[in-house]
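Each of the next two complexes has chain A plus one more chain, namely chain B in the first and chain C in the second.
Presenting the complex of A and B:
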């Protein structure tokens, strides 16, 4: 038994054995189920990504309009209300919001699957919405400040001066230029959604990597924890690369190789 | 009292900072800000609750008050927020939970500051290789989702209050390091630092007596803004069973069981701990935002980037 699990060899030897395996796509096997960790990850990774992308879309769908409206109506009731909502959004624990929504929609109104789980869109909508609200607070705040920056620029005054309609000024001139910092900041924030996803997966019993990780932690299934943590690191690196690429792509003034 | 009056140095002491603050435009600004007052009121409420928890809570946190099923009784009668599935008073547990939430939050922010501030001071003051090294580490820590790293850390080293705080500080220190570095970079160019160097002060003295006290405004803001985030993150870990364990009445931990109880229509064990978290977090967020706008509006960008 000790030999099969490798417990008779010192930790550093086992670490390099594990690392050698990683490069060959072998993350070891679960001590509890004896299932290869890579199989668990491959099965659950798409579900976690599905949840994160849906949550990301929700956060943009809620946060972007809120931020734009707040910037346009700067220092009015609308602005304060929008920013109040945003502050409320970042102050609500998203797992609690999830539980409350389960109670309201699943139990009380009986509209959807109360127990959570994985399946069609009716299983996805609530967790994605909850994941999205947590992020939409920050999204709307950074949209607002990016828009305010752009709206104070000379070319906006020039566009207004030449008599363009306010709508044209806002949508084609201001928004296009604000898109650069907004997109970059959104992608930089993307990794944070993985942290939220772990909690949300637990609330909604969504069988993704996060739930697998929590279960592994509770059963001390180290190779599973290790494998999933590694996968999250890879996801974070990919998200950061996306941020860099979007930055260079959206902003022709900055190209890598020309800097420094 | 500025240290000049002691006839020795041109720096500024920390208590002098607050005295100066009371006469500054920032204070006038803060007094007129509604968010500051709302935030302040909520924070007083929360801190007061934590201090007087033993007097406010009508029952003990682990008293089983209901003898026969169903143990979970809805709000009303002797139990204003109802009882949980073990027949314990929800109100008493929520009240006592305030203490735990603040304890975790304050310890975490203190640890993050203790790690981040010295690193930021060194990076900003010495520059060069030290700066490069610290800032790379800051970049990594800032780009990595704290909850994922904390969960992995707890997975290997076990749960509990201490590990919870250490796990969350692994990424949290970076915000402090970054702000402190930015402060040190500007302050070290000031004439009074130059004169301190001219009279032969040691680097260590310059950093602790001149740079740190003069750059403390943004640190106070960052600490106030980090606290609610810390409380939220900690409650999420408690909820997942990775932090403080039952029967300790941590708000997050109380919600773990509530998740399945709502399916039976027991909503009160879920609702009230969450409301307590929101009041606390909202209070510190309001106060933090108002402090930031009054003391150092430039910090806006740090919260969003």
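Presenting the complex of A and C:
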């Protein structure tokens, strides 16, 4: 047993053995089930990504319009209401909102699966909504400040002076400029969603990496914890890369430099 | 003079702030004649820029036009709906802005931005031309403002252009509708001197070619001397002197104008300190009683501290707001 787990060798040797394995796609085997960690990850990663992506889309779908409206109606009741909703979204604890939604829609109204789990869209909507709610608060505040910044720029005044329609001014000129900081910061916020996913998967019994990780923590299944943690690191790096790529894509000042 | 194209009467534009009301424009009367270049001069914060923006009803956030009339060819712009006013902008009245670096949208090509008003006004709204003709019109606009190699510039982003080219590009974007009135808010302030001369030259040519009247806002008396037919001097939200260009320089009446003219360094003059005005820019929230200029005025009397002077015609066509001439 000691030999199989490598516990008879010094820590640094074990570490390099593990690291060498990682580069060959071998993350070791679970101490409990003896299943390769990489197989667990391959099975669960797509589900976690599905959940995170849906949550991200929700947050944009809610946060972006909220932020735009707040910026356009700055310092009015509409603005305060929108920002109140945003604050609510940020402050409300994820797991609590999840439990409440399960209670209301699953148990009380009986519209969806009360136990959570994995399956069709009806299983995805609630956890994605919960995951998106928190980020939508950030998204809307971000959108509001980016839009306010852009709307006070000279080129917006110039666009109006050309006699352009207000919706062209706002949705073509202002939004395209505001999209640069919004997209960048949103992608940099993705890791936050991954973190949220761990809790949400638990609440909704969503069999993704987060749930696997929590189960592994309960059973002290170190190699599984380690492998999944590593996977999250990779996801975070990818999110940051997406932030950079989106910046270059949206901003012609950068894009041009790349072509040359 | 024939019927002026723009008549501003009793214009008041206030900014309502938490700490009080800023009377940025406080009762301005102005006429811009057909094909005339009218200069509006004054120091920073005197309200000249807000006056310019009021003409297009594009007052910055927080400001409101509270009173007055802005008659453009007899039509009161202040009575127009937002949609009607929008259709006036870019077609009949256009504006050139101060800073070419920030007045072009950085994420769209120059050609796109020039094409926008053409497409909207001439294709969609007035059905003057077909959509296929838009690129040709864009090219024409670029040629009118004298951008070198216009074909190549169409697909350039603003950051790929020099300051002078940006300013030309912005002007091209604003004159696509052959406006009858061009409001130019410090069009040369952000440019270096050689480019300045070129842009002023371009504006004069536009007046010749398109018959455009120009309402030129500046703080630079050299630009005024170069360009204007008539000049109004603004101080703390009000006009204090208005006259033709020659009398302004040869025989300024208002003490403020006199100090301004004296502050221009003259070639050949004895070396020494530049003439200056006491540095007390008036607080537009708490204006002095009586004449607004009296705390800085070298000729102020007791009356100036108590009584508000009215605009009077001191000489033919030469208006001044000062007790010295009443």
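In the analysis below, the second predicted complex is superposed on the first by the 254 of 260 C-alpha atoms of A that agree within 3 Å, B and C clash if a C-alpha of one lies under 4 Å from a C-alpha of the other, contacts with A are read in each partner's own complex, and residues count from 1 in each chain.
Assume a residue touches a chain if its C-beta (ideal position, glycine included) is under 8 Å from a C-beta of that chain, and two chains touch if they have at least 3 such contacts.
Just so you know, these numbers come straight off a predicted model, no measurement behind them.
J.: Contact-wise, after the overlay, does A:251 reach chain B, chain C, both or neither (first, second, both, neither)?
T.: Only chain C is touched by A:251; chain B is not.
J.: Go through the superposed model and pick first if A:173 touches only chain B, second if only chain C, both, or neither.
T.: A:173 sits against chain C, while chain B stays out of touch.
J.: Just chain B (first), just chain C (second), both, or neither: which does A:160 touch?
T.: It touches chain C, and chain B stays clear.
J.: Among the partners chain B and chain C, which is in contact with a greater number of residues of chain A?
T.: The larger set of chain A residues in touch belongs to B.
J.: With both complexes superposed on chain A, which partner does A:3 reach: first (chain B), second (chain C), both or neither?
T.: Neither: A:3 stays clear of chain B and chain C.
J.: Of the two partner chains, chain B (first) and chain C (second), which one does A:192 touch, if any: first, second, both, or neither?
T.: first
J.: Touching A:236, do we find chain B (first), chain C (second), both, or neither?
T.: first
J.: Quick one: is A:24 in contact with chain B, with chain C, with both, or with neither? Answer first, second, both or neither.
T.: Neither chain B nor chain C is touched by A:24.
J.: Please indicate which partner A:92 is in contact with in the superposed arrangement: first for chain B, second for chain C, both, or neither.
T.: first
J.: Across the two complexes, find the residues of chain A that touch chain B and also touch chain C.
T.: none
J.: Where on chain A does chain C make contact in their complex?
T.: Against chain C, chain A makes touches at 74, 152-155, 157-166, 168, 173, 176-177, 180, 250-253, 256.
J.: Given the complex with chain A, which residues does chain B contribute to the contact?
T.: Going through chain B, the ones touching chain A are 143-149, 151-152, 154-156, 228, 232, 235-236, 239-242, 252, 255, 258-259, 262-263, 265, 267, 270-271, 273-274, 277-278, 281-282, 285-286, 289, 300-301, 303-305.
J.: Mind listing the chain C positions that touch chain A in their complex?
T.: My answer: residues 53, 56, 58, 60-61, 82, 86-91, 94-95, 97-99, 102-108, 116-117, 120-121, 157, 159-160, 170, 173-174, 177.
J.: List the residues on chain A that touch chain B in their complex, please.
T.: Those residues of chain A that touch chain B are 87-88, 90-97, 99-100, 102-103, 106-107, 114-115, 138, 141-142, 145, 185, 188, 191-196, 198-199, 202-203, 213-214, 216-218, 220, 222, 225-226, 229, 232-233, 236, 240.
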